[in-house]
Amino acid sequence: MKKYQFDLIVDSCRNVSVDTFLLKLTCPEGLPEVNPGQFAEFMVEGSAKTFLRRPISIHDTDMVRNTVSFLIRKVGAGTEQLSKLKPGDSVNVLLPLGNGFDCTSLRSRYPLLAGGGVGVAPLYLLGKYFASHGISPTFLFGGRTVSNLLRLEDFEKLGKVYATTDDGSFGERGVVTDHHVLQNENFDVIYACGPTPMLKAVAGYALRNGVACQVSLEHMMACGIGACLCCVEKTRKGNLCVCKDGPVFSIEELLWQI
Amino acid sequence: MKKYQFDLIVDSCRNVSVDTFLLKLTCPEGLPEVNPGQFAEFMVEGSAKTFLRRPISIHDTDMVRNTVSFLIRKVGAGTEQLSKLKPGDSVNVLLPLGNGFDCTSLRSRYPLLAGGGVGVAPLYLLGKYFASHGISPTFLFGGRTVSNLLRLEDFEKLGKVYATTDDGSFGERGVVTDHHVLQNENFDVIYACGPTPMLKAVAGYALRNGVACQVSLEHMMACGIGACLCCVEKTRKGNLCVCKDGPVFSIEELLWQI
Amino acid sequence: MADLKTTIGGLVMSNPVMTASGTFGYGVEYADFMDISRLGAVIVKGTTNKAREGNPYPRMAETPSGMLNAVGLQNKGVDYFVEHIYPMVHTLGCQTIVNVSGSSIDDYMETASALNRLEGIPAIELNISCPNVKEGGMAFGVKAESVFAVVSAVRKVYLKTLIVKLSPNVTDITEMARAAESAGADAVSLINTLLGMAIDAESRKPLLSTVTGGLSGPAVKPVALRMVWQTYKAVRIPVIGIGGICSASDAIEFMLAGASAIEIGTANFIDPSVSVKVIDGISAYLDRHGYSSVKQIIGALEC
Amino acid sequence: MADLKTTIGGLVMSNPVMTASGTFGYGVEYADFMDISRLGAVIVKGTTNKAREGNPYPRMAETPSGMLNAVGLQNKGVDYFVEHIYPMVHTLGCQTIVNVSGSSIDDYMETASALNRLEGIPAIELNISCPNVKEGGMAFGVKAESVFAVVSAVRKVYLKTLIVKLSPNVTDITEMARAAESAGADAVSLINTLLGMAIDAESRKPLLSTVTGGLSGPAVKPVALRMVWQTYKAVRIPVIGIGGICSASDAIEFMLAGASAIEIGTANFIDPSVSVKVIDGISAYLDRHGYSSVKQIIGALEC
């Protein structure tokens, strides 16, 4: 897929939780096609502490209005700076980058979309894809506490949403792999995005139960396009770039000890 | 004089010409006494291109409202960034720094305040000093063109204002030392601030006519308080720091070839 | 419009702007963002005689105005390059130079002679300054005798333009440049990365799997500029400037200090089309200052 | 609350935070902004046997995340220091260390022995790494033999704590550190500035009157951290870390890499009260991580 360097215009930037915001950008040149799970690299201006671009999952697109949205957690100087963007501001973005989730060749009829924390971000576009193809996805989200569970009401418009929290403040207490829905239902593919321990737990469940599983990794990146070879993950094919060969991998490709 | 490090609050920030803005800041802790000709060092946040503070002349103070104003020309990344400040923003400032103009021991009764471009900035507070002491100062300002002459109407409230422009678009055509007022009047002290060639021309006039003359220098600075020894000017007393021993010098102290 | 044509030994380029090894892939990665045929040359990533896995993740850390990397020469080896990559890059309409690294003189010679046979590769850049491999790499670049040894050996088997990429991690870079020159190098390029390190205070762990890595980006530009200036005065062969170049002004500063051409590295990660902006900016500068050729600004610093 | 007490040879400090020579005047310049008696020590500016004018203006250039300086040891000489400055700094309630520079071994010895007589000065820092003077300075610091020679000579006449400040402009800083150690130094401090350069493209002129100058600030931190880590593993005497420290986290990183104490330099220009923030931040870090003494984090990097 052709990659673009765009100056996108901020349509809105609003908090959705204490540390997370939803950034909606307009693409005057016309938004290119985006696969669920692809990401963008944001130039961060106005911060002496950020030098490199910041890779951020694409959360949603609107091909009619030419808008693309990002669900971003403030984790450092870069995302902090992005949270200060105001409507009308311009931000330089490379997109769409990487390979997204495999939604077609796996022919899933009963997919589980598992997200941890802000890892739910790319699952929205993926859920929309399934919903638009007549498949109702199941979402299973985990967070430390209820405020880490993001945009639940929006996800509920696409499919059934289950949740766990470490402190039991919402959904079932525990981590996503403890949730009863995994015992009760037979999903045919699991798509997961979130912190590595959560991904490994989900991958372990998938392996044990013979379910296909795709995980989206979040390595630190420099270029975002496979040039610098900094964001590698060791795989059966050797060191692959998460930015170019990922960020989504089938768990069989990975060498995780699970 | 004791120096302070303050987080000042932006009261207003407005353009006064195409490349110059007036920044008015409030000092919640109470503004300390400032001598005309002293300066402040501004921390510039939100710019990857600026590392050091920016030294800027104090343009005006209001001891009742605890405000201090700066007339700033956008000449680079630092001043550009400062121009984006909005009311309510906070900016870290060291002040008052350096020694200002000698307004007392020279006992001037008929002072000329000569400014080139944005070099008029410190002359406003100096003019106010004289006006408040019953002395009407004469201002003589030079600029490349009319738009380089700043806040003329405000200076006119303090004293008579003469001007030159290189292109003759306002006042007399030429540079300040060409102005007829220098032939017609007998000033007893000249206070000058502006580009070095202008200062040297004014100093030459003063020397030839036996008039006391004080010039404010604008060397590049790092610390602003006499620690780094970067902003030195060669004087009869050796290398002196413009930040600490200046920025105002009597021309007899300097080793200028004039 | 001023003439941007640039010559480095037998290598003729349409302009002095190249992309640095390891920062531009094989060129094709950037084809969506710019017309890579406009570049003076693309220097493709460090190639060794045998395939290398590189270092474990994490290999990168962001630093003030720069970054550390410890990729460790991940590549599929020269044979793979010759068979699979060369045929592809050859069609990109862009001059391709191969950066060559190794752990022994024999390694370097083997890779260089394999590349010598490729008609479409007019030059190699000998990387004797990679700080991220355990053996060889930088070890060759920090002593004049070993610089001389490896360059002489490669010179015997490589007959086209031989550029030697120097390490800044030395007391006197002009010694290394002179050694490369007397061993027959056609040009020297500098600087490679400065050896650096980053730590996470909270976890008390290094940020790179290899503990140390190579520092690049605008942070190192003042050091690079100084070394280019020193080297320009010390050797007769052309100097290629590298180190934190992000703009036409940066590139021009390197040329004023004595560089005949420049390489853009880390800046490609920030702005994938930066190199064409640099080319256009150099052209505009030359016109504005009344120069008819880019050659007129090489070493034109007034001091 | 964790114990911040720090020992460097015979020098005992209330905490490991010092201010670097040339960045903090004589301490008094900063007294309006902070309580300078809270510092571990103030290292006052480079002092030579005779007065020095320093280099012509311009002496400074801003660079990405850093600055170049070429002050060139402007100072009034050791006799002036003894007569006029010492009596004043002695009353500031703050431990004062004098940075000593010179153009010859005799210069260094003369200054060091004059300072040896001052009861209130518990240590000197021997600057064999100033890049901004024509003779001496850095020349002494880039060869192990001359490091040994100058440190041995000074050791004979200076009986209190002798710190040797090392230049980063070398191939192997551990060689210089070992030479200083074997010549009797009580500690080494590193890094001094990296030799750099800046040019104004439009005027085609260098930005410094001396063309080259010393690079400092966050830009050099990765290099400094690496050199401190290498040196910590190479010598038994304490290492003092310097290079771009702007925060408690930066200071802690240096200590984890092996520094027993640290110096804050360029950051003083940005925030004149940064050093007390660093002291408080180190204290908070130690408490948060359950350390009872700052000594426990020295060299505690896990790798």
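A few points about this structure:
Letters A, B, C and D name the chains as they come in the text, with residue numbers starting at 1 for each one.
Simple rule for what comes next: a contact is a pair of C-beta atoms (placed from the backbone, for glycine too) under 8 Å apart; a residue touches a chain by one contact, two chains touch by 3 or more.
All figures in this text were calculated on a predicted structure; none of them were measured in a lab.
Distance from subunit D peaks, on a Cα-centroid basis, for A. Averaging Cα coordinates per chain places subunit A and subunit C 36 Å apart.
For this pair, subunit A with subunit D, the centres built from the Cα atoms lie 47 Å apart. Centre-to-centre, using mean CA coordinates, subunit A is 54 Å away from subunit B. Distance from the subunit C centre to the subunit D centre is 34 Å, each centre being the mean of its Cα atoms.
The set of subunit A residues touching two or more other chains comprises 48, 50-51. Shared interface positions of subunit C, defined as residues touching 2 or more other chains, are 63-66, 217. With chains as nodes and touching pairs as edges, the resulting graph is a single ring in which every chain has exactly two contacts.
Pairs of chains meeting the touch criterion: A-B, A-C, B-D, C-D. Every residue of subunit C that touches subunit D in the complex is listed here, in rising order: 63-66, 68, 142-143, 169-171, 194-199, 201, 203-206, 211-212, 215, 217-223, 225-226, 229, 244, 249, 252-253, 256-257, 285, 297, 300-303. On the side of subunit B, the complex with subunit D involves touching residues 2-5, 43, 48-53, 92, 94, 219-234, 238-239, 244. Residues 22-25, 29-30, 32-33, 45, 53-54, 56-67, 69, 71, 74, 217, 266, 268-273 of subunit C touch subunit A in their complex.
Residues 45-48, 50-51 of subunit A touch subunit B in their complex.
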